[in-house]
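Multiple structures follow.
Both of the next two complexes hold chain A, though its partner changes from chain B to chain C.
And then the complex of A and B:
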């Protein structure tokens, strides 16, 4: 039981890392980012291609994550900024169509161009024994990275001017403008930051098993479920929902098999939404 | 030109409905200027246009000699013109302290000193410091909105209907603090439904009616005008 639980927590941290970008982009701009899993795949594929070209894994991974961030910034400047000129439902719909289109484009390009490329990273020591439980070093490494990323994000949001601006924009766009906060620039920054976090999750996937060009949609869907269960405006909610769904996911694959775990996840999401439609930890941000 | 706001033949329209018809006014440094007029006269529209929340159809707004109209709201705030709207536009789930700190986003030096000053002006806010803004009473929220604006170290404060919906005692306390700020040299443009408040607070008044400036001058001069008395003070003046 304990190893499965641990596995779930490790996976949950990655899910949360991926979902937190969807939460922030939605909270900040009212756009549901449907190409977020593709951003993670871009990071992994870039890393795989660079490693194929002879770069060292660590450097290749770092450059992959950076590429995901830059790709997201470019997406914000070209696709999302025009959508922000509209308000309410129009903006939401336009955002859905634009990001979905981008997801198709990225999926199509990667599977067509690099069908055989996949990212697989191997650590020198495969596993260690901690308190009688065998743990993969890869799990420890990616969890430490995810926790460090979350801690840095929390410190940024609470302790810096830009972080405060981000939180204020999530609550009141007009009020933020009256305080002199530039919504567009703040959004570009957050979309880029979300891209970096998604990239980290993508590269981490390569450390777990492997990341292929076709995995974008699957990752987007997982992240969306986590973001919705957590309440799309709450970061602590996203973190908790990620852990919860990670544990549910691993137990489901252990007990009934990987093939139908997604059904289990959707059931949990359904119940969570019925019981707490405002999100698990709404207003705790 | 330092600290001078000039509005020149400003026209603002929502779709086909023209709300402001060639409104002109001026605010000089250190002045308290009032805009009075009935509901729907265009006071809030005028303030929104100055603060960049609305784009005027024609006319000019200039600040310290430079053009202001066409700038987005955050850029106007950066120039030291801070708008306190009737809806207050606070950050409901953030604490009183965080709301105030965010006010200083454009003027970060000396935040702690100014924070102490705002708590000094509005002791009720000091007591509510760790509470979320949404839990405050209407009067406290209005004080928080004014406090947040003061945190920006404004050169010009745009106060839009600060007394609406507040108890008379709260209004009196708020105006005492506003008078203190004004005497320290703060320039204020005030829209107010309660005409006596505007007349006693401001050195000059513009009367807005159906989107037009129909009267302007110092309060004493306006008080003698039968039109003002009839329309806004409810006093019937024999012809």
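And then the complex of A and C:
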């Protein structure tokens, strides 16, 4: 039971890493980023291709994460900025459809061009024994990576001027603009940052098991469920929901199989939307 | 002459009926041509239904494939496992889709869900449907799918007759749409698509008309899905997936023109031509659909019918 629980926690951290980007982008401008899993896949695929070209795994992964960040910035400048020009429902709708289109574009391109490429990172020591329990080093690496990323994100949001600007923009767009915060540039920055975090999650997937070109939709859906259950505006909620759903997902997959598990998780998300649209776990913001 | 005069509508319906009736013969009339054009008619019919739900009452139903597919699977499985007559099971399929669509709409309106949350909820329904098909292997055969020959009315055996059956279905859908828009409900739909709050203040029962649009549209999707299952001779989850139904229907409707009578027909025609042109480049359809969606929403949100009205000064309804 304990190894499954650990697996669940690690997967939860990875999901939270992915979902936090969806939460921030939605919070900043009301755009639901439906191609976020695809960004993670872009990082993984870039890393895999660079490793295939002979680069060292660590360097290749770093470049992969960077590519995901740059891709996100490019997406913000070309697709999201036009959507921000609208207000209210029009903007939400446009953002939703444009990122959905992007998700299909990326999925279609990767599965067409690189159907056989996959990222699998192997660490030198496969597992260590901690307090009588065998733990995969990959799990430790992924957890450390995710926790470090979250700590850095929290420090950034609380401690820096730009971080405070981000939070004020999440609370009130007009108010922030009146204080002299440039909404467009802050958003571009955050979309880029979310891309980097998604890239980390993608590389973590390669570390944990394997990441293929067709996994974008699956990652997007899982991250979306986490973001919805955590409350699409709350970062602590997203983190908690990630951990919780990661554990639930692993246990349920072990007990009842993947199809039923996903149906169950989707139900949880539906109930979350219908009962508390602000998020089941959004108490602590 | 304004586009929504009844006489203009009747004339356009007749004209499109005649054009579509001769189109496959003009294009060569082979089995392949009939197949492509029949699929085009199903997309047009889905788009008419989707126009009612999304275009007029702003409910982003990302579960067209799930609604059509649930009806298709239900109608086929009930005939296979219980031996019920196909006409009855198709009716039950339509009923199921209509009730499901109406229920989703009712819950969404009651909970005051905005366009984005309706999108997420219906997306979740789509994914649940796909996973149910894969999970309930005993009834659905999972990804392998079900051969529907001998389990329906038997459209699959007569490609030419099928084409005219689907043409009849499309024209029926267009007539229902036009009649609905000419009734008091149409007035309410127009008010709703302008400003929902203002419509409510003016005395329009928002819940009632949104649920009405969703129910009628979903029933139509169910009917089309069930007939397509019979025509196609085979169903599997991917035929009713997001990428093969919802995205295409969204493209067809935006390309043709939302909130127009002829938009779905013109859009389906244009889409089929373009889809056919990119086929030779291999397995890139998903890529092309994605690019299409982005370009349409960024640069061509009005659609072809309004563009025709402006460019050729034609009163296309």
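As a convention for this text, the second predicted complex is superposed on the first by the 274 of 285 C-alpha atoms of A that agree within 3 Å, B and C clash if a C-alpha of one lies under 4 Å from a C-alpha of the other, contacts with A are read in each partner's own complex, and residues count from 1 in each chain.
In this text, a residue touches a chain if its C-beta (ideal position, glycine included) is under 8 Å from a C-beta of that chain, and two chains touch if they have at least 3 such contacts.
For clarity, every value in this text was computed on a predicted model and none was experimentally measured.
Applying the stated contact rule after C-alpha superposition, one finds that A:178 touches chain B and leaves chain C untouched. In the superposition on chain A, contact of A:263 is made with chain C only, not with chain B. Within the superposed three-chain model, A:89 lies in touch with chain C and out of touch with chain B [touch as defined at top].
Once chain A of one complex is fitted onto chain A of the other, the partner contacts of A:221 are limited to chain C, with no touch recorded for chain B. Of the two partner chains placed by the overlay, neither chain B nor chain C lies in contact with A:75. Using the contact criterion defined above for the overlaid structures, shared-chain residue A:109 touches chain C, although it does not reach chain B. When chain B and chain C are set side by side, the one touching more residues of chain A is C.
The intersection of chain A residues touching chain B with those touching chain C, taken from the two complexes, is empty. The touching residues of chain C, counted against chain A in their complex, run 58, 60, 107, 111, 113-117, 119-121, 124, 127-128, 131-132, 134-135, 243, 247, 250, 282-294, 297-298. Contact residues on chain A toward chain B in their complex (touch as defined above): 161, 164-165, 167-168, 171-172, 174-183, 283, 285. Partner chain A is touched in their complex by these residues of chain B: 51-53, 72-75, 77-78, 82-83, 85, 89-94, 98, 101-103, 105-106, 108, 148, 152.
Residues of chain A touching chain C in their complex: 30, 32, 79, 82, 89, 92-94, 96-98, 100-109, 111-112, 221, 224, 228, 257, 259-260, 262-263, 266-267, 269-270, 273-274, 277.
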